[in-house]
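Each in structure tokens, the structures are laid out below.
Both of the next two complexes hold subunit A, though its partner changes from subunit B to subunit C.
Up next is the complex of A and B:
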């Protein structure tokens, strides 16, 4: 079976792969919530949460570093926390002079930034593990089962289905451009401005194709009776073992959160 | 006027133009009996797909369209739903037809919208996939399939609705010879009334005893496939060639 390079799913038969997607989804969201609720500078608590994430990665037979590396993708978003380095009051670390502005970094500011970066990195690992051990269609079923609005789930489903089609279409466009970007002298390529315009045209082309495709898909849905209501199969109930895993996981994460609130 | 009960499709003086004013069908009249296999041939842009989209009310032009005993234009929501259950429309590009995360979800889509109980939906999905020889693909993701496989599953998605009539748009487009051959064999096994829009004249020859030529939105010929395929002048005039 062939997997698209964009598909984060890594097939295996581990404990985590076989766990019910609903349980995995709830535990992942609970884990991310527990990480988000952990107070600033609660370093031992972060270590515990990180250990949990790494243990899960090992249980999923993905190797220790897999999720650690992939989760780094979230770091650019954590930069949004950077201003708090200078805005929190406290002991002065260093000052920067930009024109007539003086920015003073403080110790609580530094702790806040490091905490945010670390927390987003740990949260991201849980999401990476969830998508690496659960096939996306199962994840959609799980979202529906735990009460995510059906229309939203249907949109995720369509996005997932057509993301690949769209990526393939974009790759074909780029290939077609490259195939005609030759020059007998081995030079040329014109100006950056011109090339940017070509790329803009390609993006517009892709958009129009996507738009037309959406009309055809809607016709295909309507032809099979779609009436705006999203209908799906009922799900079987969880078995006792999975309920135990779910409750056990939730209690542990709740305990970690309380630990954080009491001690820091 | 009394009509026999075996009449499956009646189209009378149908006109349709797209919102941009482009005329797609002009004064088309056509009658098809139950169990017939009819090919609609014609050059690109002749209005073949547009005509198929009228069969279950996706498009509604001026004129009379009666399918499976139901008047399509001006149909109530309930009647429209019955028409859509009676007519299985297979689109040209299977990527447009297969919009669900897995093959099973796609084949189950129609039956689910028919409000069938879950066991019945399950049974129909299994049967439809078995009919097209794709039983083992239920759990697969459509994106990873070949065009021929997608095509078969696209047909299963409408077979699961157990329609009386199948309308296929360019069923053999983009298939390699082997996939095309096995598709034709599959279509020959289907008991439903078939309306096939195509310019694959060999498929027409093998599958459909009757052929209709559409050119620039007009119905220019309607007769036995053998006669039409032998009329080289007629075929050439309308941008077609003999198989």
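Up next is the complex of A and C:
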């Protein structure tokens, strides 16, 4: 298994790692909701939320820059928000002339774009921290505890278990193609249509391997007594410390949201 | 993406996974409602005929589609075509299991790899797992019926279904962005639509290749989609998918010509907190060469682009079919 680095979990024994996964999941979603509810251009509020995210990153003992960097992944999508820079009415900032078009950037436009990008970056840090400090099987248990349907959680679990196996399978296919078409990343080789057909054949091949593997997996599971039900130990109730963290977190996030609604 | 491992750019290079922060809370919540409804029906339908074998099958196929999205091929100028997988899942598994498999793929991408946000996960699942699968299935079944189940109908159907599902899903993304006040409809709709008309061609070609491979090696798998007790609900998806496709093909150009309509809705809902007046004077001289009216130019560009891509796609599919008769796949 070469691609175990796909697993975003970073093992450690920090406060955040030992926090109950149910509490972490609920608090992460609440944090992202609070960020989403923050109004446009509420810069001090964004600073507070960012400080919370950084504090959590420090508590996770992963290094402060870990989540900050990983969260930048959403940035390419900022392109989708960019047109607002030129289309919202308001005070003129600068004009760009491209051929026959004149684009005029406005102050509300700039505020909108910056807010969207910042909010996206801050929310993503929370999601990065959740997956970096929680093992996926624990996350599955947490999902089950907050009411995600049993069948769906079972499918998630099996998908997770075989993800790395099939990614390895895909990497072997890509390596085989690269070895035969003489250039990295499949750049080489005849026409686009030919390359597309080869890639399509690889996708079909991968599907077939996945399908046949799932039959073997089912046979192996059935041989060990699988009857369609995935049984797990019941979760222990939350202890008092966990409950305090949960309620304290929810109250402070609610307070930040109200602050945003009242003052901006 | 200097710091990211090599595989990450592959996962984010399509603009289909919306991150948190780009949709308003109201739009996210409405999409969650639709998603819970759609996935709920899919769970119920699949649960009704649940053969315990299906849980491993769907889990492993979810992993397969995730891994399949890493397969890409270079098109031109550094762009690459790769797979979303809604069409191939719908064709091979039937609509309801495909909804569950795509839901798992999109959810795991968001939960583990932050490819798509958590609060907007409802919207992402709605776009890719529900709209993508329904549209692909509706288009595929229509073409299969029109071509009377001829083998080449499978390939043309596969291509058009994959292309349409990508384009329609991207239009839904554009409308969600517009409704959230993130991006004006008269820019987001043509931009997303045109980009995905090209990306969709890559998806379509890979889908043809995959179907051709399976046709040659395991033809029985192409008949895998279950018939029988779920027939009526499959027909509902078929018709539903076609209606979604047609409605969006008509609605989104309309929204892009009259973005005021969407912005009015947005303002009524109180989630656009900037006062807006006459958004059209904001882009003075935004005129295409030779066309006096920006609106006419926008529609024209959209229509011409759609026709060119669609025509080329169909033509290529037809030529490929002519050049390589079905027996070639049996070699």
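Methods note: the second predicted complex is superposed on the first by the 205 of 264 C-alpha atoms of A that agree within 3 Å, B and C clash if a C-alpha of one lies under 4 Å from a C-alpha of the other, contacts with A are read in each partner's own complex, and residues count from 1 in each chain.
Please note the rule applied: contacts are C-beta pairs under 8 Å (C-beta built on N, C-alpha and C of every residue); 3 or more make two chains touch, one makes a residue touch a chain.
Everything numeric here is computed off the predicted structure, so don't read it as measured data.
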Touching partner for A:234 - first (subunit B), second (subunit C), both, neither: first
First (subunit B), second (subunit C), both or neither touched by A:137: first
Which superposed partner A:213 touches (first subunit B, second subunit C, both, neither): both
Partner chain(s) touched by A:223 [first = subunit B, second = subunit C, both, neither]: first
Contacts of A:77 with subunit B and subunit C, given as first, second, both or neither: second
Which of subunit B and subunit C A:157 touches, first, second, both or neither: both
Touched partner set for A:165, first subunit B, second subunit C, both or neither: both
Contacts of A:22 with subunit B and subunit C, given as first, second, both or neither: neither
Residues of subunit A touched, compared between subunit B and subunit C (which is higher): C
Subunit A residues contacted in one complex by subunit B, in the other by subunit C: 3, 136, 157-158, 160-162, 165, 213, 217, 221, 226-227
Subunit C contact footprint on subunit A (complex, rising order): 3, 5-8, 28-29, 32-33, 35-37, 39-40, 69-71, 73-74, 76-77, 79-84, 86-90, 100-104, 106, 108, 112, 116-124, 127-128, 131, 136, 139, 149, 151-152, 154-163, 165-167, 169-171, 173-174, 185-187, 192-193, 195-211, 213-215, 217-218, 221, 226-228, 230
Contact set on subunit B toward subunit A in their complex: 53, 56, 58, 77, 81, 84-85, 87, 89, 91, 93, 95-102, 105, 108-110, 112-114, 118, 121, 140-144, 157-158, 161
Subunit A to subunit B touching residues, read off their complex: 1-4, 135-137, 140, 157-158, 160-162, 164-165, 213, 216-217, 219-227, 231-234
Complex contacts: residues of subunit C adjacent to subunit A: 1, 3-5, 7-8, 12-13, 15, 17-25, 28, 39-40, 43, 46-47, 50, 52-53, 55-64, 66-68, 70-76, 81-83, 88, 92, 100-101, 103-105, 107-108, 110-115, 117-119, 177, 181-184, 187-188, 191-192, 202, 205-214, 217-218, 221, 273-274, 276-279, 281-287, 289, 316, 320
